[in-house]
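Each of the two complexes below includes subunit A, the first together with subunit B, the second together with subunit C.
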Partner chain A sequence: MKKVLGNKGAISLFVVPALILYSIIVVLPVLWSFYYSFFSGSPGLKWEFSGVKNYIQLLSDKNFRNSLIVNLKYIGIVMIGQVGGGLLMALMFRFWLKRFKNVVRTIVFFPVVLPTVAVGQLFAKIYEIQPNYGLLNSILSAVGLNALVQPWIGQASTALGSLEVMDIWTGIGFHSIILYGALLDIPDDVIEAGRIDGCNGFNLFRHILAPLLRPMIITCMVFSFSGTVKLFESALALTNGGPGNATRSLSMYMYSVAFTYNKVGYGSVIAIFIFLLCITGSRIINLFDKKESYY
Partner chain B sequence: MKKKVLSVLLSTTMVLGVLSGCGGTSTESNNDTASEAPAEKSEEATAESTEAASEEKTEEAKEETTEATETTAATGDFSGEDPQLEKDFHILSIWAEDNDNGVLINNICKAYQEVNPNFTYEYELVSSDDLRQKVATLVASNDLPDMFVYESGKPIVDLIEADQIVDIGAMLNEIGSTDFVTPSATSLLETLSGTDTIYDLPLGLNVEGFWYNKALFEQAGITSAPVTWDEFEEDLAKLHDAGIQPLACGAADKWGATRLINAYTVRTLGADALKNAADGNASYTDEGYVAAAAKVQEWADKGYFGEGVNTVDMNTAGSMLMTGKAAIFYNGSWFASNLNDTSANAAGEDGIGFFNIPTVDESVSAIDSYSMNCGNILCLSKAKEDEATKWFIKYFVEHIGDEAMTTQGSIKGYTYSAQASEMSAYTKLVLDEIGKAQSAFTWYEATMNSEVSDAAQSNVQMLLSGEMTPENYMQSIQDAADMSALN
Partner chain C sequence: MTDKVKQNISGILIKVVILIICLVDIYPIFWMITASLKEQYEWSAFPAFALPHGLYFQNYIDAWTRGHMSTFFRNSLVYTMVSLIFIVFFSVTVGFAVTKMQWKFKKAVADYFQLGIMVPVATALIPLFQIYNKAGLYNTGWSLIISYVAFGLSLSIYLVTGYLRSFPDEIMEAAVIDGCGIYKLMYYVVLPLMKNAIVTVLVLQFFFKWNDLLFSMTFVSNTSLKTVQTGLMYFSDEFGSKNWGAIFASVSMSILPMLILYTVLNKTIIEGMTAGAVKG
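This part shows the complex of A and B:
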């Protein structure tokens, strides 16, 4: 075995096919996109070399800045909601709902398998105000909170929040199931020992459960980050980026620029920015992971 | 211990998997951009070959529905019998063969094959969302099909500037068929492309205006449809006071709202107001333009649109009109097909009326001036144009008017002599209105490129929700215009 793996020819035989495939489907398009970012217009129509003009434009583009802010707000809130909420639910399954855990798990996981467009339609109905009140507004009006009845996805101030609630609802089940699995892996005797030593609920979580769950929490955060950074289809299904640009994410803006405004070059610059954002985000989460290895 | 090792292993694979997934997502979008061209080409090649195969079969199998034996008299070299030139004609369309205009184009082609047996055609389909990108790719590879569906307004101007499409006005002149395209359609197409001649053939002729629920008007004590803007506003107030929602507007679809701004802009500033702004002769932030935006916001503030107008789409707004939940609804004449649907139209066969946009100042924009459009249009590739194409186009323009009237009861912008067998009251109403039109103006975004139009459309929701002032709204349009001028 050592002989085989020591042989450079053998190594390249194993590595090269995968490397070629990876290069063709990942590296090449990235480089191609990078090359495109120096052009203005769209291939076929007014396609001209424009140097770094696209990059300069990016710095002063209000729409880009707006989309970036929307995206970052969304990532922050939804990550906390999905992972934090998922953790709370997992704890609930583990300690309170032990007997019904199967039923509850199924119900909580259900939104994960629903198609995004269907969820978007569902929530559009929940937030509906005209011609009939949707679920949310009917409830508010029924309990006498008429002042709170409002077009939830029809005004910029509440649209992003409404979208975040929808995506937390969709994703929370997934994370709670992962974390619940991790909780089950923590031996009962550890918890019992903690209890005997006089831990209350909070201390039990703070000093015993949280450290043991750490790797899984980090995993969940990576999942959640990669899911939220590419915000596109759920916003498209619920609000179509509106009202105004209140829920337009970076990738939606990139799509508009490249394919609606026919500025493929400038779109490529935005795509590269998203690429860098992904790398940076993953790096930051990885830093937490490294700390873990000191334990 | 084993468990720990296993969990560490598992979590690492997950992290790795996710990270690669993360990388994959971002590059996927890049991939789209980069490989667009080659992918499209191969797709097209396969699509064409399969289409060609299936086409030949259906051609033989299907019976001809329309008889076409006579050739109308014409002038010049193109009078008399069709010389039956050999031609393989490629058509790129956004309608399936059994849908909408697809039916008409296919019927005409099949009928023409009776006249000219040497004529074969291939009908290729692309989704309307991909149309522009597809045409751009075809232009780049110098492979535009003989005839293709496209969008009027700004998109076609790019093709004219790139010298890619045929001057159809001149061609019609040469083949002596100019009279078969109605003058109103011709002038509209000329306005849209900003040229003295037409570079495209119409595939529709629509008027737009206000549809209103007659029962609700009566209920509010309004006897006749408004003609002037003051009357219109009075009626809105009356309706509102009577507890009826005066206006339904599909602002979720955005264009439903900008059309209202357009209505007031044109009636106060004239038909070329938006063209002036687009050409830089005026600024979108000028007083008159802002006033129109302010007018629509004022209505929203008064609650004329009801609650949450931004969440209502055009379909819902239409059914609100038909079910008596709102009194007035701005839409085009194509809305008649919804009204003809008795299961959806609770107002019945005579429950809904139509009035043109009320006038502010007769001398600026008169009541016989309508907001009109030609829907999607047909262009011809300059590189592929030859004698046979001209003969086909001659046949096409001379027969499509009748074909559309007999099979669909619709007007496409061509003269017709046939009568639809059964015409509903609403179809007649639309035909009457089209007949009244003496001049036409275009929709709000007609002169804007996609970037400016996007700004106008998405920000109109902020205008309606009161989160943007009229000044800022018009400024955002001007900003987008400045921004797109940079590139």
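This part shows the complex of A and C:
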């Protein structure tokens, strides 16, 4: 047994190819980005060491600040929508859904499997106002709410909101199904015992369900966070960052700096920032998990 | 009594809410598919939510030929399938080596692979572009396949190791006593028993790879190499933003594989896609 499982040749054959690939394509570029962030210009073109100049520039860059604010707003709203909304849906399914459980599960999860670009193109047409009203505006005008007909993604005031609605629509099913599963794992007697002790409605949730669901809610939040922090595809497909830069995320700003304006060094600083934001954010969310275990 | 009535009413109200949620999830897709069969004049003559008056399949023909959807589909399919084969192969072998085999650095290697789960694609994008450019892989399908495989490893290995931890050692012992070497053991004993884990990895990675936009728009610019997602992005340039029929036809076409897969395998897909979260 030991001889078979300690076979050095087999181990290297199993591990080394994947290890090399992963190191070159995933790990090395991250370190490389860090290295690039100390240079200005782009390789082969005015490429020179500039120390922390890029980092200082980042602090006073209005476009960067704008993307950061857009991205943070988006993270906040979409996380609340996906996880909070998903939780509400899960609770409804758990306590009021007696029949058609599987049908509802299948339907609710469905938007999750759709390609982001397809969803973006679909919603672009839902929000459309020119040359014809899209789905939303045509329904609004049909029910007499003409005052609400507006270029949803064509004006800065509603573009980000429209994007957030779209991504909540796509993601909420994922979280509600996960939380629904977790709720079904809580035995009926636990809930029954709580009821007998006088817990009902909100109290039942607060004192019995919430603590039991806590690990799962935190997992959902980490998932939602790491998905939203990377905001790129959906914004690109729906609004292309516009109008102006009302929906331009950090990743999109990085992309345009590095690939459109060819400032590779400066783009790398933004890339590193995204990386750190992603790691720190998840860490912070995970902290809430640990606290509970000391009680 | 009144409490009971109250509860009934709220129960019915919530059922209505659930019904509305289901409608909101389904209706946009239904609308898009029906809208893809509309003729151009129907858009200006009737409200957007109206049903099509006939089945105008010309939209699909336009999308398939003039919109190059046939090429995009073939490319996406090839890139995705080839990547999936490598991802499954690597995740099973690495996963097995870091859980069941006996060597010094297995814990460290497992942790090292796990690091990649959190790496945002955007962070690696700029250097990757330089690497592919230097290596002559820019504008080839290989740049995409290599990236897909490498970025699929961390999560897949993580899922496989989670599964293998509860894999009984006795079965392997019996096989070894019967004279199985390591490769025979992998192929005849471990692999067949890992069917569930492999299906999970396949489902999850299929959706990730099929949906990729960032890599394919960065590393490939040739129309003949583009994927469905990049193709869709620039569809309105090709047809003009007024030709809604063709745009809807191409978007409907792009979700068709998902729709079919999901109708047949919805349980497996839901389990596969939520596995990362549930096990994590």
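Going forward, the second predicted complex is superposed on the first by the 267 of 295 C-alpha atoms of A that agree within 3 Å, B and C clash if a C-alpha of one lies under 4 Å from a C-alpha of the other, contacts with A are read in each partner's own complex, and residues count from 1 in each chain.
In this section, a residue touches a chain if its C-beta (ideal position, glycine included) is under 8 Å from a C-beta of that chain, and two chains touch if they have at least 3 such contacts.
Being a predicted model, the structure only gives us computed values, none of them experimental.
Of the two partners subunit B and subunit C, more residues of subunit A are touched by C. When the shared chain is aligned, subunit B and subunit C each come close enough to touch A:258. In the superposition on chain A, A:185 makes contact with subunit B only, not with subunit C. Of the two partner chains placed by superposition, A:51 touches none, neither subunit B nor subunit C. Contacts of A:107 after superposition on the shared chain: subunit C is touched, whereas subunit B is not. In the superposition on chain A, A:169 makes contact with subunit C only, while subunit B stays out of contact range.
Within the superposed three-chain model, A:138 lies in touch with subunit C and out of touch with subunit B [touch as defined at top].
By the document's definition of touching, both partners, subunit B and subunit C, reach A:223. Once the two complexes are overlaid on the shared chain, A:116 sits against subunit C while remaining clear of subunit B. When both complexes are overlaid on chain A, the residue A:25 reaches subunit B and subunit C alike. The residues of subunit A shared by its contacts with subunit B and with subunit C are 25-26, 28-30, 32-33, 36, 43, 128, 131, 219, 222-223, 226, 229-230, 251, 254-255, 258-259, 264, 267-268, 271-272, 274-275, 278-279, 282. On the subunit A side of its complex with subunit B, the touching residues are 25-26, 28-30, 32-33, 36, 40-47, 50, 53, 57, 61-62, 124, 127-131, 149-151, 153-157, 182, 185, 215-216, 218-219, 222-223, 225-226, 229-230, 240-246, 248, 251, 254-256, 258-264, 266-268, 271-272, 274-275, 278-279, 281-282, 289.
Residues 1-2, 4-8, 10-11, 13-15, 17-19, 21-22, 24-30, 32-33, 36, 43, 89, 92-93, 96-97, 102, 104-118, 121-123, 125-126, 128, 131-135, 137-139, 141-142, 169, 173-174, 177-178, 181, 219-220, 222-223, 226, 229-230, 232-233, 236-237, 250-251, 254-255, 258-259, 264, 267-268, 271-272, 274-275, 278-279, 282 of subunit A touch subunit C in their complex. Interface of subunit C with subunit A (complex): residues 11, 14-15, 17-18, 21-22, 24-26, 28-29, 31-32, 35, 43-44, 47-49, 90, 93-94, 96-98, 100-103, 109, 112-113, 115-116, 118-131, 146-147, 149-151, 153-154, 157, 172-173, 176-177, 180-183, 185, 207, 210-211, 213-214, 218, 228-229, 232-233, 235, 242, 244, 247-248, 251, 254-255, 258, 261-262, 266-267, 269-270, 273-274, 276-278, 280. For subunit B in complex with subunit A, the touching residues are 3, 7-8, 11, 14-15, 18-19, 21-27, 29-31, 33-37, 132-133, 136-141, 158, 162, 251-252, 254, 306-312, 316, 319-320, 325, 449-451, 454, 458-459, 461-462, 464-465, 467-468, 479, 483-484, 486-487.
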